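Sharing a structure, written as structure tokens. Questions coming.
Chain IDs A, B, C and D follow the sequence of writing; residue 1 opens each chain.
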Amino acid sequence: MPEPTLAGGVVPPVCTPLTPERELDVPSLERLVGFLLDAGVHGLFVTGSTGEVAYLPDSVRYRALEVVVSTAGGQVPVLAGIIDTTTPRVIEHAYAAKSHGANALVATAPFYAPTHLVEFPVHFRAIRAAVDLPLIGYDIPASVHSKLNAEVVAELAAEGVLDGLKDSSGDLDGLRAVLELVDTSTFTCFSGSETLADLGLFLGAHGLVPGIGNVDPEGYVRLYDAAKRQDWDAARTEQQRLRQLFKIIYVGDARMGRYSSAIGAFKEGLVTRGVIDHATTSLPMIPLNDTERAAVRAYLTDAELGPL
Amino acid sequence: MPEPTLAGGVVPPVCTPLTPERELDVPSLERLVGFLLDAGVHGLFVTGSTGEVAYLPDSVRYRALEVVVSTAGGQVPVLAGIIDTTTPRVIEHAYAAKSHGANALVATAPFYAPTHLVEFPVHFRAIRAAVDLPLIGYDIPASVHSKLNAEVVAELAAEGVLDGLKDSSGDLDGLRAVLELVDTSTFTCFSGSETLADLGLFLGAHGLVPGIGNVDPEGYVRLYDAAKRQDWDAARTEQQRLRQLFKIIYVGDARMGRYSSAIGAFKEGLVTRGVIDHATTSLPMIPLNDTERAAVRAYLTDAELGPL
Amino acid sequence: MPEPTLAGGVVPPVCTPLTPERELDVPSLERLVGFLLDAGVHGLFVTGSTGEVAYLPDSVRYRALEVVVSTAGGQVPVLAGIIDTTTPRVIEHAYAAKSHGANALVATAPFYAPTHLVEFPVHFRAIRAAVDLPLIGYDIPASVHSKLNAEVVAELAAEGVLDGLKDSSGDLDGLRAVLELVDTSTFTCFSGSETLADLGLFLGAHGLVPGIGNVDPEGYVRLYDAAKRQDWDAARTEQQRLRQLFKIIYVGDARMGRYSSAIGAFKEGLVTRGVIDHATTSLPMIPLNDTERAAVRAYLTDAELGPL
Amino acid sequence: MPEPTLAGGVVPPVCTPLTPERELDVPSLERLVGFLLDAGVHGLFVTGSTGEVAYLPDSVRYRALEVVVSTAGGQVPVLAGIIDTTTPRVIEHAYAAKSHGANALVATAPFYAPTHLVEFPVHFRAIRAAVDLPLIGYDIPASVHSKLNAEVVAELAAEGVLDGLKDSSGDLDGLRAVLELVDTSTFTCFSGSETLADLGLFLGAHGLVPGIGNVDPEGYVRLYDAAKRQDWDAARTEQQRLRQLFKIIYVGDARMGRYSSAIGAFKEGLVTRGVIDHATTSLPMIPLNDTERAAVRAYLTDAELGPL
């Protein structure tokens, strides 16, 4: 069996289903992987931000990875988020992710410890040197409070340290700059935007990592296919539909943070579609209440996303 | 032997000495603890930001804690930083810190995962419920990008969830508000400022957690003692001297981040004083060069801090 | 002669040429207007950020407006920036702009005085009520440090308070939300981006306000025309060319702020093309030096933008 | 009569009373000046942030200055805020303020137009060169979104460009650095903090510019006098009382911005004390409602600040 490659396409950041006791819900995770594969996704991104990586103890992270790798069975590449504060801790995750079967690794810039831009290359070089797997830089300023700028990404791409970028910065100008500076035949760019995915592909990005792709993977596959055949009107129309669905993330906005509201809504959507058993989220996230859950279900009905 | 209590005083955030191979340097750590105890400090804070906690793999964190606990031998309380992204991961550190002998725990607000203010109490309550040790809230917006505001701290103090605050926010107005809102006979406030420590004590803070207290613990003990006897002129004069010494943190500013420069300078200062063997810092921090190291030594000479 | 309307198209934010003594250079301004009209622009935006509005005393602002109105002679609409800290001061500019012949007004959210989102509608309603001219909201967080969010814009559009939006926020998600919420047959959206203008038009924006459109108005007219006929490949190709030219804004980056570098480069470009006489900028902007000016000229040569 | 000097002391930022039609209320302003002088203030700061400078058209700014200068009659120095976006506009205000009788000028760093730190000295030098009056740098990052750092202030102090600093940054570390770097026998530092005024004086600041000093000038004069005689316990006790009173600024917090709430509360307090006739604030500030006004009056009763 040939090794799956980093070809791009739709690579959802897989939700991590939990039992009501907040243990990993393995059967639900297996069903979720099957659901995504059936929808035609091109890869799976485990232990990303949508996967609640920042909440999961190491043992849960690695078990989730193991389950996804085993369920996917090599049909698509599995990317593992190795998210931690800074280099030595990230490298530990890199070893573990490799040993649990990841096909590629996804690492952010350092966080918590204030880190200068000149130290970013040191960080990524050390990770790449430690573990021989494709490495994707994860640009997510909302979480790490710094930006992976285009010049640094291009330098590390040229060195062979970074094999790709997951851009969750919302900065399309920066993404465009990366696409201009790297060799796009070997370096893979993913847009992490749910709502501007069509624009990312229009600029030349190779793939998408949409959180709400857990709930409507078919929609993003259609959007991606339309873009591939350069049918921009179709891509834009699909994107408009998905933008409407994405409003589920705001159902809990008035009572809690947008992040808790979004993760809760994705999981509630997956319960509604019959994919996972519980919408439980990690502590200290506040769960959606009945009104908010009903609002999620109404959005799904509007989007004609019923139970399977 | 009675259990040490959270009485305040000078509680340096202990540096974590490393060998040139970036392993924990146990003999240096033991000497550092002895040096601090000899200087009369009132407690030790292990695996704080100055201790490079964000860089240290779990095994190194716990080994460092073990060494400090064992070297301190119950003479002063040992506080352990249980720094991680959010609740379940922090709780794992809390268990481990207790089992390795910590007398109190120090936890920040969640980071990486955007967390709403209403979720902060959930976070601290869950930690406190899991592990029965005094819990200190650590307010460090520069690292976690949110503020532990005075109302939340006071609410958690009144509930018995938080037993103290380490304020590294630089926001003296907020510290003053906390001191007005809590019962200061049972709730312990530490100022994390190196350069405004006299002001923190003037406002009624119980203790100090100064990074450069690793290098000049005697200075902060003198400052603290002056404040205790309300000799504000003496406290201010000592503070001025320590402000001058604190300029060692800028020696590498032009080449790297301020954080790397500061940690490198503290360690170089400890090498100069003959306390630890190597000034090695964690990856991806850039090491000080010879010019910068000479500048550190010159500041120490000016401060009359020679080798022991 | 029918009144020009807010139809969209390319509406450059006209530079304000100054003499070496930093007086308004009227002949240069007249030539600049002629140059832009010859290139086929669809409107002129006077006293915008690119026009150094924040530096210009009132008398210079109004004189510049007068010159542009008179030179344009009704061929295209003239929009006037009425940029000031908050409502009463902005209204004074609105009166003056109307009396000097402006066809529409462009106002930002309040700045300097911290202003709550609920006060934004009060601000724009008061301006619109005071002066009967089409009013365009100017979303420029980099200058005013707050965001005109889509809901507020849509509410004010529905009320007839705002007739359009100039989006210089770089937030394409927000622009898309506005375009979804307003009646696009009566409400005009302009993208203020030089480098993502094609994306703005792809999303349905009606027009462009590119600073570097002073130097290469033909390029933006070509880009706009391609988008109008839905030839997205041509639009993207033209945009790529303009992105390359836009790098002139970085020539002074190492010595001064990006803003001074950009304004200096635009003016140097106009001198190079023979349109204006001097590249003088307002105090306290640092002027480009000879090396930086040569770099600007090299970019123009690469873009085949010679003297007229 | 000798020229008043910049000796420090309590220098309230004078509120600008308005009629219900939002015209300048001259009799109220005259009474306010008399009230402040009777309380023993050492100077008056007109058209500062508390004086709603960002809202006032030029004609109102200068009329207010004229009224204050004439009412003060040379008993104390009158400082005029010359607040505007950048250099040429600020210089116009400087000329006008001098011609209307100001004894000193107060200017911020440039705002709206992104300005590099290296351009700040150019800005202040140009203002000082244009108008021969003492010039005070006004550090107010909350409004201008940049910091006047200590090195720049010290450089301009040494050059004779700046004669003083009004620090409204809340950054006591920065204030302390300025006090260490300048010649404090000729350079005057004011703290703009209402709630940490005692700390500012403890550090060596010469004076105070407290917004709520409009409502309780006697309190700040007592605090200042206690600090002058180094009675820090008395200063701290007075500060605690004033902190309690300062909570009036939060009465409208839930409905509007903190700034509108604060200005509204200061004016309501002055109406309650019988000093001014109306609590009217400028557009687009939302006025306090009856509940909020009652809350202000209750705080004044608690502070034993009845009608005169």
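The rule is short, and it goes like this: contacts are C-beta pairs under 8 Å (C-beta built on N, C-alpha and C of every residue); 3 or more make two chains touch, one makes a residue touch a chain.
Here the structure is a predicted model, which is why all the values come from computation and not from measurement.
Q: Please state whether the interface between chain A and chain B is built from the same residues or different ones, using more than half shared residue numbers as the mark of same.
A: Homomeric contact, same residues on both sides for the most part.
Q: Of all the other chains, whose mean CA position lies farthest from chain B?
A: Using the mean of the C-alpha atoms as each chain's centre, the farthest one from chain B is C.
Q: List the centre-to-centre spacing of chain A and chain D in whole Å, with centres computed as mean CA coordinates.
A: Taking the average C-alpha coordinate of chain A and of chain D, the gap between them is 50 Å.
Q: So the centre of each chain is just the mean of its C-alpha atoms; given that, what is the distance between chain A and chain C in Å?
A: 37
Q: Hey, what residues on chain C touch two or more of the other chains?
A: none
Q: Going by the touch rule stated at the top, which chains touch which?
A: Chains touch in the following pairs: A-B, A-C, B-D, C-D.
Q: List the residues on chain D that touch chain B in their complex, please.
A: Spelled out, the residues of chain D in touch with chain B are 170-173, 176, 180, 193, 195-196, 199, 202-203, 232, 236, 240, 243.
Q: Given the complex with chain A, which residues does chain B contribute to the contact?
A: That would be residues 22, 49, 52, 54-57, 60, 83, 85-89, 92, 110-116, 118-120, 122-123, 126, 142-145, 255-260, 282-286 of chain B.
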